[in-house]
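In structure tokens below, several structures.
There are two complexes below, and they share chain A, which is joined by chain B in the first and by chain C in the second.
Coming up: the complex of A and B.
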């Protein structure tokens, strides 16, 4: 309580040292990514260039989404006054802190993809909104007061910029709490969290409609925003859990135990079911009503190139977490939990793949060097940035008012 | 649950001085063990008169047929389904509080779960009456279940969301009832142990032989968690399926993919508002201020704010996508809602559901009992209008302009609705009279960790951070059950 170190001998000033294998591996992965993307973008084959852009968008969005999910996790734990996660809060903080970098990279990808016509060409192209042009598209023309390059880019900058500032400041407040103590940071974090959640709640569906749904600009679904939120939040939870487990394995975070893992696992379990719920509601209602302008989305994913993966997506992201994480002993076992997190992170990569590819490369999809290389590159970049940030501060928020509750958490 | 390690900055869940286990039992059983007061009788008489109106209106419907309602061939579904969805929605908070908040270890639920669950059950009963009243031939109500054809009916159409609804609601009702009743067992046993004569016999049977042994308590804990696990998906499933009654159709304004989670959020929103409406009166009339504290009121207001905003996001998303879709029918359905002949219903909905809860951003408003009470009713007015807007404005101007029509409720429509409110309050008032309105055993769990008494003791022992103690003292100023003197006593030297 008041002075935290009374009843235990944890070293709260412990810091992660980012050296050796972790640093080398993340940098090598990043280098592989850069080389892959460079080769892909410089290719003479139009399909390869487009496929590289699609993968860049997929990974940039995934990267930004996971960092934003870190910010959401932080904000939710402040507004709900959750005590249990305070001992591991430095991890989502590091993710939130690098959201500005992720956003900037995604913005570059979007700008590049838009003006090179490798992305968003369904609504951004010559003559689409000109009634005299042979490529005139009345539906696109009807949406052009929303789907136009300046408005689209302005929204991207405004939305991601605001999320970045909020997430970055939330992390900063906690770092300054270490130095100054007191309840000032806590009070400010509480307020900012509420503001962030309102902004994110009201604008993120539009951001997701813009970034992903508009790849197939005729199609629309009101659920699409919440479906994407579920996907990024499950992914964010898995990343947090995985980092916690890996840090513990390297001898850090002695104060985090299987009770905290259990709670993280329960959140992954719950949000995986929530993801399936919104996935199913979107799919079932469109299938049931069978209106052509809506079924077109699933029609494309019903083609032989995608159909097996379409169902594997649901299997990985629903059946596996439900069957494994329903068991108390499994959730509390860090090896099994880590395995589920890895499977789910691959699963949601597939989820985003199925959202992005049919509208970009269409039937020319593949799982090849472009996919692997870009995924490795972004994973390396993410790992490097997050671990680097983690190494800059103590691993425990020693002056967090709920830290004591977290240390004694038992379920 | 962090028991004695709870941070001092957490607000107390039980206030009052000299609260002992015995005093908790005495306080909560007061209305059960004594003759009801005048306020109860006045309330009960009014509610019972409403229930009589319900019996009369529903009886009239059965006698003359559904033609007694204001329906016409364009608007073939109006107040009946509006009221049904309204009641089912209200019946969501109980299970959310008892199950979801238990899973999230929110121990402030301990003081409000009992009456919220009771409220849920009565609301679902009211909703179920509409299902039967809808049928025109209620003696064939069993046709909604898949009985073999030998019974003289046709095997049900499993593709119909109405059939899913019958399953969802009956499952929900059963599980909620079992959950509520299991939670009641130790408290019924407390009533039994203090009663005599016939009353003792009756409560003895109702308590299922509860003996308070360690073994019994262990089973009680296990069964609570299991039932919470079973109920949690039900919180989602019921209103999801209610939403599918509409969303599987091809009617603009009904068919949209966001409906399931949006309906669930709306249901929790209206359910919490109804809990607030009931509890604010109950805590005052039955002197429960020490158990249902300002923290509970404020927390519920925050949930109303959060869910109201989620509903707001859904409304705006629907509006946006109606335009974005480029479908002229979708666009017309929404422009007709906003500016058509039912514009007043749409704007009542928007004002009550989205704008009015935003007032809860102000601490002074969410800690004001009269304003919270008024707003809780405003929310449920808004939620009634939401269903009315979705249902009637989508139907009254269909694809064929020559059949466009308006809907005017008949006196029977009004009678059934007002009557169902009477029925609901009759059941709730009877519940308060015969069963403990707060979970005695669960509130007792809080005394050693989350009570003001316990926190004062810790502060007086004096090992706490003075800034945190100051923070705690400041949170107490909003409590109407904590006096300035009590706050002063906690001053750190």
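Coming up: the complex of A and C.
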């Protein structure tokens, strides 16, 4: 009897071998990035240095955000006791595992940018909060009880440190599950995930206010945290999906099929719509109410050098996923899904670009070797660290209590 | 010929019912339909059920809602009584998005519920008609059209060998809850 008890013969202990082209390409990209950033930071031209810092912040934030999204995805799966993704959970685990590295790099960028006055100069500078100084700024002075360098740095360390520890421990629990089996790791992961999600949910908007929104410290938006969460979560999902598709293409992950891709695609579809919802809610209210202290953000982005990109951003990140991923056959086709993931990753780079640049290099916006070089460098670093971590453990969590459910997932 | 209209194989286990479907299909016996108290993964593909056309209906209702919502806003805010709000144009498209969106969703949702009721003959006050009452509780039913498939003994033996706990010969298509 039974159609569900045909025995599987998957090799759950198979490991990714990180050699050859993947290793060379990621290291070359990393080298290009290091050279670009070194040239940019050592430049005599003040604008080039500032532009390099802006790009470092953009990519450092993108990198940390994607890794944090990996940890967040993992935690959501544990808290909801979801079975379907357990076959592919090693990929977000590898991303979560390298979150400490990403956080440390972002922290270095933030400290360097803050004290060299290349970043956050809207609120951190000589005399901005001193009423007797000619550069006194009443708005910044009013915010200085929150927005001051010691508090800012303390929050960065506390927030990123907590996210890193939680994400790293979630990955560790699963790796130790491989050795010891039993339900102990799963129960500990469940508890830690619940704690992590509460902490992340309440503090990540503040972290995003600090890291990105304070670049233009006169402006504020309470939607900004959710808008950024949606952006990093979509990006994280796209990265997970892309790695799954590439691994499958190289002959790994035989137990992951189009049903799992379909679910990942649905999440990308849903969170793209959520991103647009928050983007639009923030934009429309400010546009219609027309209060100068709020419109200043969009005023800058409607200057001729930003306006076309401002609208292209919405087109790429909303129209393309909605029109393509609404179709069941497209979502289940790994080539089409991979193409959408790449487009969305580029689209969210543009999204972060539009968030960061007007508050840093302002009208000196450019797209050239600094942007491409630093994007390549961080992509190379991310690929190297994640693939290296993937090669250290089996590609399936063989003793995960829901692995069997994942094998029979069908939608 | 007898007056038997449908033969119902009643199973206690979904896996046994799926096995029964395989056995009948291997013997070229056409299956009228299956009734289960819960969704069974993969049963549509096995029975060759065509994909639902409900999404098409949903799209039609949705697009009607889009036009309706937009027309309402255009008539009231732009055509009939334009008001200068914050110096914005009298056709403030971004401000139209939420209402248009909500009316689209409303019509889409209500339309889909109405379509579902219409298609399943479910109206308020009407007793639902089912082929076997226990298919809504704890039994998994395979229904076979008795007129189209002549060899009833073979059908019964196939169903029994797959694990059917009961085989019924019904002269009426439906039993009613009344």
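Here is the rule we use: the second predicted complex is superposed on the first by the 405 of 411 C-alpha atoms of A that agree within 3 Å, B and C clash if a C-alpha of one lies under 4 Å from a C-alpha of the other, contacts with A are read in each partner's own complex, and residues count from 1 in each chain.
The working rule: contacts are C-beta pairs under 8 Å (C-beta built on N, C-alpha and C of every residue); 3 or more make two chains touch, one makes a residue touch a chain.
Quick caveat: nothing in here was measured; it's all calculated off a predicted structure.
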| item | value |
| --- | --- |
| Partner chain in contact with A:136 - chain B first, chain C second, else both or neither | neither |
| Partner chain(s) touched by A:222 [first = chain B, second = chain C, both, neither] | first |
| Which superposed partner A:115 touches (first chain B, second chain C, both, neither) | neither |
| First (chain B), second (chain C), both or neither touched by A:83 | first |
| Which of chain B and chain C A:401 touches, first, second, both or neither | first |
| Which of chain B and chain C A:302 touches, first, second, both or neither | neither |
| Which of chain B and chain C A:367 touches, first, second, both or neither | neither |
| Doubly contacted residues of chain A, that is, touched by chain B and again by chain C | 1-3, 288-289, 408, 410 |
| Contacting residues of chain A [partner chain C, same complex] | 1-4, 280, 283-284, 287-290, 408, 410 |
| Chain C - residues contacting chain A, complex | 13, 15-16, 18-19, 41-42, 85-88, 92, 94-95, 97-98, 163 |
| Residue numbers on chain B that touch chain A, as the complex places them | 1-2, 5-10, 103, 105, 233, 236, 240, 244, 247-250, 255-261, 309-310, 312-314, 316-318, 320-321, 324-327, 463-468, 471 |
| Contact set on chain A toward chain B in their complex | 1-3, 81, 83, 138-139, 142-143, 146, 182-183, 198, 201-202, 205-206, 209, 218, 220-226, 266, 273, 277-278, 281-282, 285-286, 288-289, 291, 293, 401-402, 404-405, 407-411 |
